[in-house]
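Please read the structure below before turning to the comments.
Order as written gives the chain letters A, B, C and D; numbering starts at 1 within each chain.
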Amino acid sequence: MQITQILFLIFAAIILGSAFKVVTTKKMIHAAFWLIVTLFGVAALYAMLNAGFMAMVQIVVYVGAIAILFIFAIMLTRKELLDSAAPLNKNWGVAALFGLLSFGGLYTLLRNWEGFSNKASALSTDVDMITELGTALVTPNAYLLPFEVASVLLLAALIGAVYVANEAKSD
Amino acid sequence: METTNLIWLLPLPPLLAFFIIVLFTNKSNKLSHIIGVSAAALSWAGAMYVFYQAVVDDHFVAFTDTIDWLPLGDGYLEIGVRIDPLSAAVLFFVGITIFMIFLYSVGYHNFGQPKGDHDKQGLPPHGATVEDEHGHKHTVPSVEPMYARFFAFIGLFAAGMYTLVISDNLLTLFVGWEIMGLCSYLLIGFWFAKKSARNAGIKAFMTTRIGDVFMLLGLAFLYTATGSLSYEVIFSEATLHALASAPAFWGLSAAGTIGLLLFIGAVGKSAQWPLHVWLPDAMEGPTPVSAMIHAATMVSAGVYMTIRIFPLFSAGWDHHTLTPAMSIIAFIGAFTALFAATIAIAQNDVKGVLAYSTISQLGFMMAAIGIGAYVAAAFHLVTHAFFKALLFLGSGSVIHGMEHGVLHTGDHSVDPQDMRNMGGLAKKMPITFWTFLIGGFALSGFPIVTAGFWSKDEIFADAFAHGHTAVFVTLALAAFLTAFYTMRQITMTFLGEARTPEAEHAHETPWTMTTPLVILSIFAVGFGWVGIPEDFMNLSLPTNWFHSFVGHTLPHPMAAPVFSWIPLGTSLVVALGGLGIGYLTYRNFKSADAVDPMRKLLSPVYHFIENKYYFDEAYDYLFVKPATWISEVFTNKMDQGVIDWILHSFGTASFAIGSTIRNQFDTPVINRFFGDGSAEVVQIFGRWLRKAQTGRIQQYMLSALGVLFIIFIALYYLVLA
Amino acid sequence: MIPISWYLILAAALFSIGLFGVLARKNAVAILLGVELMLNAVNINLVTFWRYNAPETVTGQVFAIIVFAVAAAEVAVGLALIISIYRNRNTIVADDLDLMKW
Amino acid sequence: MEFWKDPINTIFASLLKSFTSGGMSEILATILIWLIGILLFVTFAMVLDIFLVWIERKVVARFQDRLGPNRIGPFGIFQPFADIVKLLIKEDITPVGADVIMFNLAPIFSMMSVLLLWAIMPFAPLMVGVDLNVGMLYLVAAGSIGTLSVIMAGWASNNKYATMGAFRTVAQMISYEIPMVAAILVITVLAGSMGAVGIVEAQEIPFIFYAPLTFIIFLISAIAELGRSPFDLNEAESEIVAGFHTEYTGMKFGLFYAGELLHSFTFGGFIALLFFGGHRFFGLEELGPIVGALIFIGKALFFYWVIMWVKYTVPRIRIDHMLAFNWKFLTPLAFILLMVTALVGRLFLESNWLVPALFLSNILIAWLTVEYLKSHARKEREKEEALKPSTQMTQH
């Protein structure tokens, strides 16, 4: 057992444990906070994968914005928080079965893939990954168009969200 | 930074100014004109820098840069910028004139004056009443109600012009071309509440559209023939040779056909006969527009394009016999030069004279290109842009001064644009007078000092040296008339005594208007000196800089014509003679309703000329009326009578057939048996199935996933395993 | 060193947990939480494949960034819809929102 | 003088030697030394925090024409210790119905979000915790943990005022994060790096001369992130008692309070780092990293003082004004600046005119903004005057 492997197992345990709490816990606000724990764990995984930029973006975007948005939504809809009622609907058994099925299916598929136990090759240190990434996002022959489309999508979502959530003034 | 990067950026400031003004600052006149003028200044500074870089480089060929633009099936459509000596020269005058005109517009549209009493959007300002501290009421000019919009439009226009000049291919050139066409339409019809302005706008748009359709045909032909629109490709020796040897029709080669089709576009844009009719009407727009679009830049674009495609229509030219395409261009140019000059002598509108003068001068350039005088045409293009912009701005200044007089007297029946109402303005508006005089002399080709003399002289010399006598004589006649009507205009407007009280109360215009005049007049004089032939009067002068600079745009520059006394003499005679006769004829023109001296001299012809050879009426009878008539006949007789009848009878027949089928077959068989029967089956089935539709999203997801899993497992075991 | 399989199995497990959350939770916000878990699982896979199979390109990271953008858009619109539903129907229990039934 | 040139690594090497000579494995020793280093570093921060309390109280007293603490020790310098003792012996109350775990976690998170920032503070060359190549992103990410702590505190207190305060804070922090990120992006564009060390190295000329307006935007949004006056709506005592920490007592409150002060100091440090060349000071930093660190701390204290100055001179603004100011003014301006800086920076790439051009473009934008604001204000005034009932009509 190497240190990195131990670290990975710790983070994996955190991620899976908190994810399990997200889907089972009764109090919605706790579910949201457990989600934040999961997100931090995933950010740590990114860092372990030498993707520091992704780790930071994960925290800024997910923890700083998305999770906070969830907490807001939960607080705004707290009249019936169902904190006391059962958190799962009556189909949960089937759902659990399907969850297991999907995991089993994915595992079966992956196990048969020949690259299943690949090791990572060393990352060349002379290339600045962030510069590469930034350049790729604004190069027409690379990912400029997807980048622009994503920004338009965000704009549309912004306007749509404001429009949908805006309470119509009845006067 | 790289010069090519700067070139890319040249059209950007005015374009941004357009969007900023339209979207954000259209409520604020001050911000709008600050943005507009500073954008023009930025582009001007950039253009000057590029020009400077081009001039200081001794072995200058071109600044080029291309990028991939539109992905096509097998590659990219490239766009790019190219500044070679020709476009550098054009960029030079375009930058200056556009900047000057932006500045001039600030004063012309009465910035800083109060809002008008009854001014409405779409009408020229009528003046405002103000009360001074003593309680006296004055009428003063009022600010243009659509001030910000004006700057937005000319901003967009400037962006189009810069795009056209810097582009390295005919496609982006055409884009700029069409942007300018749109702006021209918008600006001619700027005072859209005036019916005449509206009609003039439509007329300009429709007329130039005719040319543009042909131009587009030419572009399409060119693209099919060569697979590219980039100058570098289409003007390469191999392509030109291939095009020149490919026959098209009527004895024209493919190169000639393409050249002519593109040239028709230029005929529309540069208002050459027979598509010249829109330009005089375009004077309905505000004067800066007339100066910018219809004298200095847009109409020059047609000539610029023609010069640009010179290699195309001259392909196969052996420097002795003109190619058919060149002959046609030379003919149209020379004819237009003379024809428009004759009309100009009978115009009384101060801008009308200049409008026809512009047509005539553009004809000079076209004729010069037609006979292969490449450099002379470019030279005249540049000098003409300067002095014509100067003249138009000067005339705007005169009108502005006269409007001041009209506001003062309050007699709105007096037309401030009619030269008969002026006279003696030299004393009232000294700066305008002197600059106008310089511009007028440049236009007439006053010897030695003015720019117009050198450029016209070069055209004459070329025409004479290569033996194109017909063109030479026609142009000489036209030049004589030019000098004559110019002097007529100056005499009627500025000299003598004031013929109306309005002219007596005319007033010099503000500094924003006179500064551009002064600056432009410097160029109207000085720019000619860069193109003095080195063997002028058999002296040995320094090298003809302009000729050697612009001449190198072509791979094989043409030699300048050898000096000869005959064209120089002709040029001197027609210029001085025309000016002299003009002054002598009109110095006695004393009263506003006196009969024009020329009317007595040429009584029947004069009427003809005064009405512009009835071209408008002829077009009206030949094209507009028949078109209206045909459409009316078609609606009334063909459409309603014949076609509708056929349709109606179809209707009746099908109705009869339909009702039979319906009663005999449809109702009993289809409806009763298949229709109702199937519906009942579906209803029974649906009643049973609807229980599955619980409206619960998660149950739907479960069933979808369940099906997915089944399919997936089946696939896995059947296909993969 | 960690073999790629560890990451992939972790992602598969996270994905399945998220799927379970989407299918089984009553609260509509919780369903969205499950969707977030699934998206995170996808992102882990994208970044892992980038690191292990194509570290010299940036494709995997770009994909992941696009997923971030989509997730942000999805959450914004989804939560806005939930709040709007809550205002109109006074509930966010997914099973109660069954107007679209027979 | 190894120590003078590179103090941290020298100490590290000597410690490592003495540890491993005792038979410890190298990895274990390294980790142990790191932990000791972190502990010392955090202790330094906390001790500094104690003095920040004293400085804050002294400065506010001067602003308000008072003397401030002057009883305990010379100039009252031991007053904070008395405060600490008071806080420690207060009753530690957990409200009924509170979410106990979150209630206790929130103050820790608050302090943590600040201390995390210290990891990337480049006190001097070779005196930096870790030189992340995404350092500025890390700054923003740590800020979102601060947001989290506030919302945890507000929610867990089971108190209306606390929840409301948390809502306000979060709205403010999320909103002002945007101009702050845009300002940081301007700096990133100028420096060509997101790492703290890279940014300092790029500042042959301090970035304040490249981007004066960006500095102002960053200062404003930093103050809003800190939640200090004029943006202290989260604890507007006249409206919502004390905002998100209404229910906190004793040392838990103390943690929030100390966290805020240390946060202000940290942001002073970041202002110095982003705009004023970090540890650079006319070549004085060449003397050695320790001098550089002193210079850096001096600059940070100066900007901490600027933030205090703003706090004690500008009154609190209304919440809708706060949001409108951000969304309608600060954010667009920040993005315009970003675009202009990118464009001008590109145009004058590697030219001597870069700094003057950027400075002039900033001045131009500032002037246009002021002109625009003036005209806007005039229009608003006219609108309000038009709404007023005309007094002249009634007189006739």
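What we mean here is this: contacts are C-beta pairs under 8 Å (C-beta built on N, C-alpha and C of every residue); 3 or more make two chains touch, one makes a residue touch a chain.
In this text the structure is predicted, and so the values were computed from the model without any measurement.
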item	value
Shared chain contacts [subunit B and subunit D, defined touch]	A
Chain with minimal offset from the mean of all protein Cα atoms	B
Which of A-B and B-C has more C-beta contact pairs	B-C
Chain centre separation (subunit C, subunit D; CA means) in Å	33
Centre distance in Å when subunit A and subunit B are each reduced to the mean of their C-alpha atoms	58
Inter-centroid spacing, subunit C versus subunit A (mean Cα positions, whole Å)	6
Junction residues of subunit C - those touching two or more other chains	19, 23-24, 94-95
For subunit D, residues contacting two or more additional chains	none
Residues of subunit A whose C-beta touches two or more other chains	53, 57, 65, 72, 89, 91, 94-95, 98, 102
For the subunit B and subunit A complex, residues of the former touching the latter	68, 698-699, 702, 705-706, 709, 712-713, 716
Subunit A-facing residues of subunit C, complex	1-10, 12-21, 23-27, 29-30, 32-34, 36-37, 40, 43-44, 47-48, 50-53, 55-56, 58, 61-62, 64-66, 68-77, 79-84, 86-87, 90-95
In the complex, subunit A residues that touch subunit D	3, 29, 33, 36, 52-53, 56-57, 59-60, 63-65, 67-68, 71-72, 75, 128, 130
Subunit A residues within the subunit B interface of the complex	89, 91, 94-95, 98, 101-102, 105, 108, 140
Subunit D residues within the subunit A interface of the complex	27, 99, 102, 132-134, 137-138, 140-141, 143-145, 147-148, 151-152, 155, 163, 167, 170, 174, 177, 194
